[in-house]
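Letters are used for the chains, namely A, B and C, taken in the order the chains are written, and counting of residues starts over at 1 for each.
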Amino acid sequence: MELLKKMCEIHAPSGEEVTMKEFILEYIENNKNNWKVKPKLHYGKGFQDNLIMVFGKPTTAIFAHLDSIGFTVKYNNEIVKIGGPVTDDGIVLVGEDSIGKIEGKVINKGDKIYIDYPRTIDRGTSLVFKMNFRENKDYIQSCYLDNRLGVFNALQLCRTLENGIVVFSTWEEHGGGSVGYLGKFIYEKYGVYQALISDITWVTEGVKHGEGCVISLRDSAIPRKSYVDKIINIAEKSEVLFQLEVESSGGSDGNSLQKSDYPWDWCFIGAPENNVHSPDEKVHKKDIQSMLLLYKVLMEKL
Amino acid sequence: MELLKKMCEIHAPSGEEVTMKEFILEYIENNKNNWKVKPKLHYGKGFQDNLIMVFGKPTTAIFAHLDSIGFTVKYNNEIVKIGGPVTDDGIVLVGEDSIGKIEGKVINKGDKIYIDYPRTIDRGTSLVFKMNFRENKDYIQSCYLDNRLGVFNALQLCRTLENGIVVFSTWEEHGGGSVGYLGKFIYEKYGVYQALISDITWVTEGVKHGEGCVISLRDSAIPRKSYVDKIINIAEKSEVLFQLEVESSGGSDGNSLQKSDYPWDWCFIGAPENNVHSPDEKVHKKDIQSMLLLYKVLMEKL
Amino acid sequence: MELLKKMCEIHAPSGEEVTMKEFILEYIENNKNNWKVKPKLHYGKGFQDNLIMVFGKPTTAIFAHLDSIGFTVKYNNEIVKIGGPVTDDGIVLVGEDSIGKIEGKVINKGDKIYIDYPRTIDRGTSLVFKMNFRENKDYIQSCYLDNRLGVFNALQLCRTLENGIVVFSTWEEHGGGSVGYLGKFIYEKYGVYQALISDITWVTEGVKHGEGCVISLRDSAIPRKSYVDKIINIAEKSEVLFQLEVESSGGSDGNSLQKSDYPWDWCFIGAPENNVHSPDEKVHKKDIQSMLLLYKVLMEKL
């Protein structure tokens, strides 16, 4: 869990994913010799801050978004949201501007939100939740499990992955914008059009902590049923614990694939958390484990 | 009208259009020998559950969406919408899960909607309106005239179509997602960038039953005026009855073409209905007739 | 300012940009001999009413939208919005239908908006604000400074531009739809993926008249920070007056580039106005001047 903890602390809100990209490039460099298959990497010019790894002869691509929610400093320490963070008074935010490091608490005044800080912070400075990583026998708790855990899952998978594509995407929390061209590249270069979305979902009335990784049947978008049925069929034949989710709201990189000019099939598969989009996101270890197991099976059989 | 009636009963909400696709493939197989021109078909791998027919040397493509609105079963027989169906208490829904066929009534409780059914239905099961097809001298009434009537119109047209493309698209009722790549394929392979949207619109203050097929000047999206003017010009010179519509809301596959990365001109042309998105959609036979006549003229002259 | 004044009066709401395109083609024809570099033009078939000019060896493209906000006549002189115009009672609108020229005032009745006019106007007729162009020592005031001023800025720049692309786009005020394929064309043909959005923004708490052209750090969309930082760095080294903006709402052609299937970096750079989307949009001349200077520097250094 050291890897996950490290990643939860990296400052990389939507638009500033470069730090996460560099962390992952270094991780790959340091670890790929222990991987069953060495991947081909695509990144840099034409890829913005995204990163694609191609293993063997792929038929399916995993999308895990690098970015987190956060805030942008506006005028006079007013802050505006990046994505949809919780904004309760007292939440501690951190960042850095031209003067130095910043740490201060959220204050709500009327319908505006501020950071309580003794000087005026540079316009456009981004702020993220201060990390407080907690672990016990059953649970992991921290900000940004969404989606550093989805990234962690994909990286763990790399150790044994023989055939498949791993995509680290950007801007997922704030309107998207990378998955269209990443999907285009993959579809055109590798002929792959099956996607799994490695991301974190919600504990709800129908989805419980500790009952396994979630296969989402729909959220605000509806994936093609025949593809999702194929996945469920494989999952049922495996012995991996999983839960089925049905939501009418929420979305993921799957929505962006759906709306792109390429015929992607996609399915969201990830562990559930509560305290969503807060500094206290909490995930059951069993669900992290079943997520990895499920991805292993699916990447072999799909 | 037997063909229309049959199609209104097919279970094919957004994401499950495969049943409609198969029905149409069989219809084509059984009828194409009576068509003036035999079309080239594109479907299968890379097309999800969409279907494209190409006749002769095309300059214009007709888009008719295969999918219908409906519901997805969530937890404990709560249901969530596919597209924007009417949800009045007592509406009868049908579907099928792993246990068997389902038929039950809509019940609203607070801000949630349920299906009244004696056992818990499988998560993710899709439900559609139970069909009650009615026909008299002047009107057709049924669920899903939107858009089985648009599909019917396109299939009737095939009998005499010499040059043109007919596209059966998916997900129109729930956020789209197929028209982008269908448009891409057509634009790149056939150089066609003129579209007619064969779909059903609304009876309103300005659009009446029996006064002819509607040419829509705009809805939530605004088509290029010079293209719509060309269409109106052709319509005026024909003797076909038609009405002009102006709306500020609503949308169609036209919106998806507009937002795609290809320079499509598009125009919505279809019969109007009342009781929109309910089991009681009602269309005047005269408007169905003028829709077919108008498409015939346009596909020749455009 | 004669050129700007002329353009502010051209009737070209979203979907009817053809008039602006023709005006600009004529302007280019009449002026290009005085330009340092003669551009290659792309327009016509496959470009709808957009226009692209390519100068030298480009690395950056300027996007300026041609269309304006306005209204469409619905039934019985009710009008619906094109984009987001102000709709105060008494605002004078102009247009033309099959009977002749129209001029009338906005009247609000309940939640509907009408034009007060003695006869029924043709359905689908578009109306725009009647121009009242005002100029004093410091300010320009008129309808449609957004975005005829952005277009003006781009045309002024053409006189000295050596390397770069100028794009005149359509539908920006009403949902977009051209920038995706324009971006595609430019990316594929010229390998360019850096964009500057030449458009008009808002005077706010943090952005003042006369304090220079605005570089927007974000609005509803968030551009890639490393690209915006590069721009600010160049701007700081120049002696051009500029201001930094942070907003949580609003958008531009930048959003469309962001959501397209191509990896565009983009940044909104433009003068601020007050009385936004009204007949009384007002911009400080100093900000117009600094906008042009800033674009000159950026097109050289970026």
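Definition applied: a contact is a pair of C-beta atoms (placed from the backbone, for glycine too) under 8 Å apart; a residue touches a chain by one contact, two chains touch by 3 or more.
Quick caveat: nothing in here was measured; it's all calculated off a predicted structure.
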Same-site or different-site touching of chain A by its copy chain B, using the half cut: different
Fitted rotation between chain B and its twin chain C in degrees, CA, nearest 5: 120
Interchain centroid distance [CA atoms averaged], chain A/chain B, Å: 36
For chain C, residues that touch 2 or more chains besides their own: 260-262
Complex contact set, residues of chain C against chain B: 14-16, 18, 46-49, 72-76, 80-82, 123-124, 126, 171, 174-178, 180-181, 183-184, 260-262
Residue numbers on chain B that touch chain C, as the complex places them: 193, 204-206, 217-218, 220-226, 228, 244-248, 255, 258-263, 265
